[in-house]
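Down below are the structures I want you to see.
Next, two complexes with subunit A in common: one pairs it with subunit B, the other with subunit C.
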Partner chain A sequence: MQNRKNIFLTIYTIIFYIYIFAPIFLIFIFAWNKAEGYNFPLQGFTWEWFTKFFQDMNALKAIKNSIIIALTSATISTLLGASLTIGIIKSVKRHKTFLLTLLLLPVLMPSLTIGISSLVFFRTLNIPLGIPVVIISHVSISISYVFLIMMGRIEGIDLEIQEAALDLGANWFESLKDVVFPVILPAVLAGWLFSFMISWNEFIVTYFLIGPELTLPIYIFSQLRFGISPKVNVISVFITFFTIFIILLITATQTIYKKLRVRTINHFGNINN
Partner chain B sequence: MEEKLNKKNKFTEFFKLFRVFITILALALIFALVIPLISGCKQEIPKELNVYVWEGYLPDSAVKLFEQETSIKLNITFATDNAVMLTLLKGGGTADIIMPTQNQVNRFYESDLAQPLDLKKITNYSKVSSALRNQPWAKWDGSKMGSGDIYVIPYVFGTSGLVINTEKYTKPLNDIGWEVLFDPELKGRVSSKNAPESLMLTLDLLGIPRENLITDTQNTLEKARPKVIELKNNVLKFWDSGAEILDLLKNEEVWVSHIWDGGGRKMMQFNPKFKYVLPKTGGLGWTDTFMIPKSAKNPVGANLFINFMLRPDIAAMITAESGYTTTVEGSLDLASGIDKDLYTFSQEDLEKLIWQPNFSEDIIEAYTSFWEEISTVK
Partner chain C sequence: MKLAIVLIKFNNYIHNLIVIFTKSNINVILYYMSFISKYNKKIIYPALIWFIVFFIFPLFIIFIYSFATNYLFSKELHFTLKNFLLIFQKKHYLIILGRSIKISVITTIFSIFFSYPIAYFLAKKTKFDKILIVTLMIPFWINYLIRIFAWKLLLSENGILNQILLSLNIIDKPLKVLYSQTAVILGLIYTYTPMMVLPLYATISKIDNTLIEAARDLGASRVRAFFDITFKLSLTGIFAGTLLVFIPALGSFAIPAILGGTDSVMIGNIIENQFLHVGNWNFGSAFTLALAGLSIALILFYSKLFGLESIYKNREF
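For the complex of A and B:
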């Protein structure tokens, strides 16, 4: 009975991963394919699309803008979202449900509505369109998501450890830096990554607010009219490799850090003594 | 002693709140000062041009040449849809150049979003093909099209017709018309664009002039309804994007389809068994035009830009690199590396082209909701 359950689970897992990764794998293959489009049989190996991609000023500009917007809005919305979550957990006693529902609104509203109303709002105030305005709108959308993620993770943590630290002599800043922050760090990182993803993929609101600039989703969507260029496949290859590289880097850093700590402890005895 | 402690506690509480308030105020002030500086700087530089073009209409080589010759920096973004461009401008967005398709320009005129072109500054206007130069939709006098100043210049132009996989559809092609899409032998092997354009070709097939949509909207739509439903039942699916129909054709899931000429050319270059033909009732004509919005910050630069694009050698670059035909006469001869036959239209074909009339907002709404209702109902 136990073996049967394991086999079923294994098969299901394999099929699930194939379902997730097969499209990505196909895109990889077609990044080196001579012909345009996604059709078999393959027409031959070529680096042509890679060269074309590096020569395409618009594609490079689009990626650069996307990265800038995503990094900035992720950082700002994580800072604000984390403060928001801790603040709500600590101080909101009355009208909690109403406040939480209010915070969920950006998640529920369709992007088209948010985009057009933001456009009219900013233009009525005569604020020029461009990357700063896009960052602001991304932050206001992401804060809700960051809040949702962090609320789930932090609610279980007893934040009174901060007061305990204060009692034991830490000042306000130390109590945050050394006691609270390490505990909520996984939640903060999760929130940061999620809001980075949201900003990176955001198309509709960005399109209305960015004015005469390109971001990666705009670059790709505008190709739908006449056919998607294989340069998009090349971009996918680079993004995937970059992500894998970052993950390997983080894992390597963690392993090295742990090994160093162990070695230091073994060498000098307990650090805190 | 207790009184002193109480006072002290109250003071620290108040001070905490005060601290928070001051921080928020400071941040708001910094924000209010910084944002206008960042973008305000951009506004003071007149040497920039914001353009909304369709993807592929502005190759990098042309951009570099323009920036070298005029020292004006081009900020390019791509249009995705005419309706979105309209919403953007209505909502307060600005641009120096936009490229609406000719059948949508009336919506821009009526919303007071366009400004008349100063043809004295755009000397290369004379190079635009005479067949396309004095079209009624290019003129607007404040209340109706057909007379008045010129507001748009057609630039990229093309046709829409049929692409046929001659291996799968072996009948002769010389008298082919839209009815091939209704052929029951090809059931599940045809496709058409998922847009009111497919409604228009049904009207052509029934012999109903499209202007009837203006005079008698509901009845015309109802007359076309059974034919449109017949088309819907015969197609594999309606295609939503150029990328999609090209894939369907290459995979041979679809054998015959309504397609724009650029796609037809791509299929012919992919494999000579694909042929692009215009139906005997006449192909559909479309052209993307240059328009300068009223809110343009650099209309002088915009004129320079249009004049630049209308140069035959620059137009040749567009054709050579992106595969689209321009209205500029003489540009085909300068385009290198292309098969000129693929890009030339016979005089007869040009004369039979059916152009989409310009419809007002309420008619557009009527036939759009009609199309959505039919194309989604299962």
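For the complex of A and C:
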């Protein structure tokens, strides 16, 4: 009986993954295809689109801008979100519900609202649109998500260790930096990663605020609007391989780190014996 | 940076002073603790200030715009309800509001149904859950625009879907799926279902298996145990996933623009049109506020429906 249910779920999972990856397969196939459309039969193998991609200054600049924006907004929003989380957990007693509701508002609204309000705000104050403005808006969205994620992860952790560190002689800054921060580091990293993902994928807000500059989603949108360009397929291939590479890198680092720890503990364990 | 150094030195000084006195004076300990508490309170200020300046204040500005008729610093600025009334006067806009809600609700429901088995399988039934979750996220890094465009070509009349169905003789003529509400719904489901899997997986994996075993021991059938225990405990995850699916779907305009036709114009398209092509910022602001209000109201209603207000109301942190 158990096996029967498992088989059903397994098949469903396989079909689901095929469904998710189907467009990706298509994109991969047509990145090397000679013809420009997505039509079968295939016209032959070519690296043409790859060379065209590396010669396209706009595409490369768009990727660079997207990375800069995502890195900056992820870092800023993680800093702000982490300090917000710790501060709220440790010291906010009155008006907590009101504050939480306020902070959850960006999550409850479509990013379109934030994009429009930011557009109106910056144009009314005559601040020029461009990358800094986009970063600011991405941070505004991400702070709430970072806060939510960190709240979810920190709940099980007892933050009284800060008081303990203070009792043992640390000053306030040290108590946070050396004691609390390493404990909440996984939550901080999760928040940073989520924030990076939000910014990297965020098209709507960027669309309204980017002005004359290019980021990857904007570049893709313009390419797709005015016709098919296989260069977007090439971009997708690179992104996929890069993501897989990063995942393998992180997994390898974790494995090596764990093995080193075990070896060190064993080593020193033997000395103590 | 200098300010931070000064603050730290000051804190050190105070700290040293207090350590001398702390050993014998409980009142100073309490004072010290409240001192620390004040510092802890202070670190929320940067985020709060950012939040107020770059989120609350812009909302306030479009609030003003939506009640006005002209630009903010122009001479002929007067209060008017015309913008909001326009939404209700023209049936066109009400239809679009209703249609957007309908599309988003359908998308969310299908998302829940599609993602629940996956989340359940990954959380409970397999050892490879971490690898599979990570694999699921890989397509997410390729911008959804590209994947939606691949869908566009998949669904078009010469597209692969039609080619397969035709060659298998399931249909006689190519299906006109593209440029319809169905295509938009399909695109939205495709884009946002992975977002539903994550919170569901997180919630389901926290469910203690012993609870289910206890239910089975007390005589519940597998189905009953599932609905009474697993499903009820996963409602939090469903709620979180709904936030990540319903709200972006409600405000989307790129997917309706790419996959939809004239019968699938959504709120986002109207707003984009007003701000970037028509130039009527007043009406656009009113409509944006309507979208925001609608979104918040629907989520609050939805959470009351499931009795989930406790999630954000009185949590003990």
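To be clear about the criterion, the second predicted complex is superposed on the first by the 255 of 273 C-alpha atoms of A that agree within 3 Å, B and C clash if a C-alpha of one lies under 4 Å from a C-alpha of the other, contacts with A are read in each partner's own complex, and residues count from 1 in each chain.
Everything below uses one rule, namely that contacts are C-beta pairs under 8 Å (C-beta built on N, C-alpha and C of every residue); 3 or more make two chains touch, one makes a residue touch a chain.
Here the structure is a predicted model, which means the values were calculated and not measured.
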Label the relationship between subunit B and subunit C on subunit A in the superposed model as either fit or clash. clash
Touched partner set for A:211, first subunit B, second subunit C, both or neither: first
Contacts for A:127 in the overlay, against subunit B (first) and subunit C (second): which applies, first, second, both or neither? first
Using the superposition on chain A described above, determine whether A:51 touches subunit B (first), subunit C (second), both, or neither. neither
Once the two complexes are aligned on chain A, which partner has more residues of subunit A within touching range, subunit B or subunit C? C
Where does A:235 make contact in the superposed view: on subunit B (first), on subunit C (second), on both, or on neither? second
Examine A:253 and indicate which partner it touches, taking first as subunit B and second as subunit C; both and neither are also allowed. neither
Based on the superposed arrangement, let me know which partner A:224 touches: subunit B (first), subunit C (second), both, or neither? both
Mind working out whether A:101 is in touch with subunit B, subunit C, both or neither, as first, second, both or neither? second
Figure out whether A:119 sits in contact with subunit B (first) or subunit C (second), or with both, or with neither. both
The only stretch of subunit B that collides with subunit C once the two complexes are overlaid, out of 44-52, 62-70, 80-88 or 278-286, is 80-88
Taking the two structures together, which residues of subunit A meet both subunit B and subunit C? 37-39, 116, 119-120, 124, 207-208, 221, 224, 228
Contact residues on subunit A for subunit B in the complex? 35-39, 55-58, 116, 119-120, 122-124, 127-130, 132, 207-208, 210-214, 218-219, 221-228
Give every residue of subunit C touching subunit A within the complex, in rising order. 8, 11-12, 15, 19, 32-33, 36-44, 46-48, 50-51, 54-59, 61-62, 65, 71-73, 114, 117-118, 120-122, 125, 132, 134-136, 138-147, 149-151, 153-154, 158-160, 163, 190, 193-194, 243, 247-248, 250-254, 258, 267-268, 271, 275-276, 281, 284-285, 288, 291-292, 295-296, 299, 312-315, 317
How about subunit A: which of its residues touch subunit C in the complex? 6, 9-10, 12-13, 16-17, 19-24, 26-27, 37-40, 79-81, 83-84, 86-92, 97, 100-114, 116-121, 124, 136-137, 139-140, 143, 151, 155, 162-163, 166, 169, 171-173, 197, 200-201, 203-204, 207-208, 216-217, 220-221, 224, 228, 232-233, 235-236, 239-240, 243-244, 247
Looking at the complex, which residues from subunit B come into contact with subunit A? 35-36, 38-40, 42-43, 50-52, 54-56, 60, 63, 75-80, 84, 87-88, 91-95, 240-243, 246-247, 250-251, 260, 262-263, 266, 270
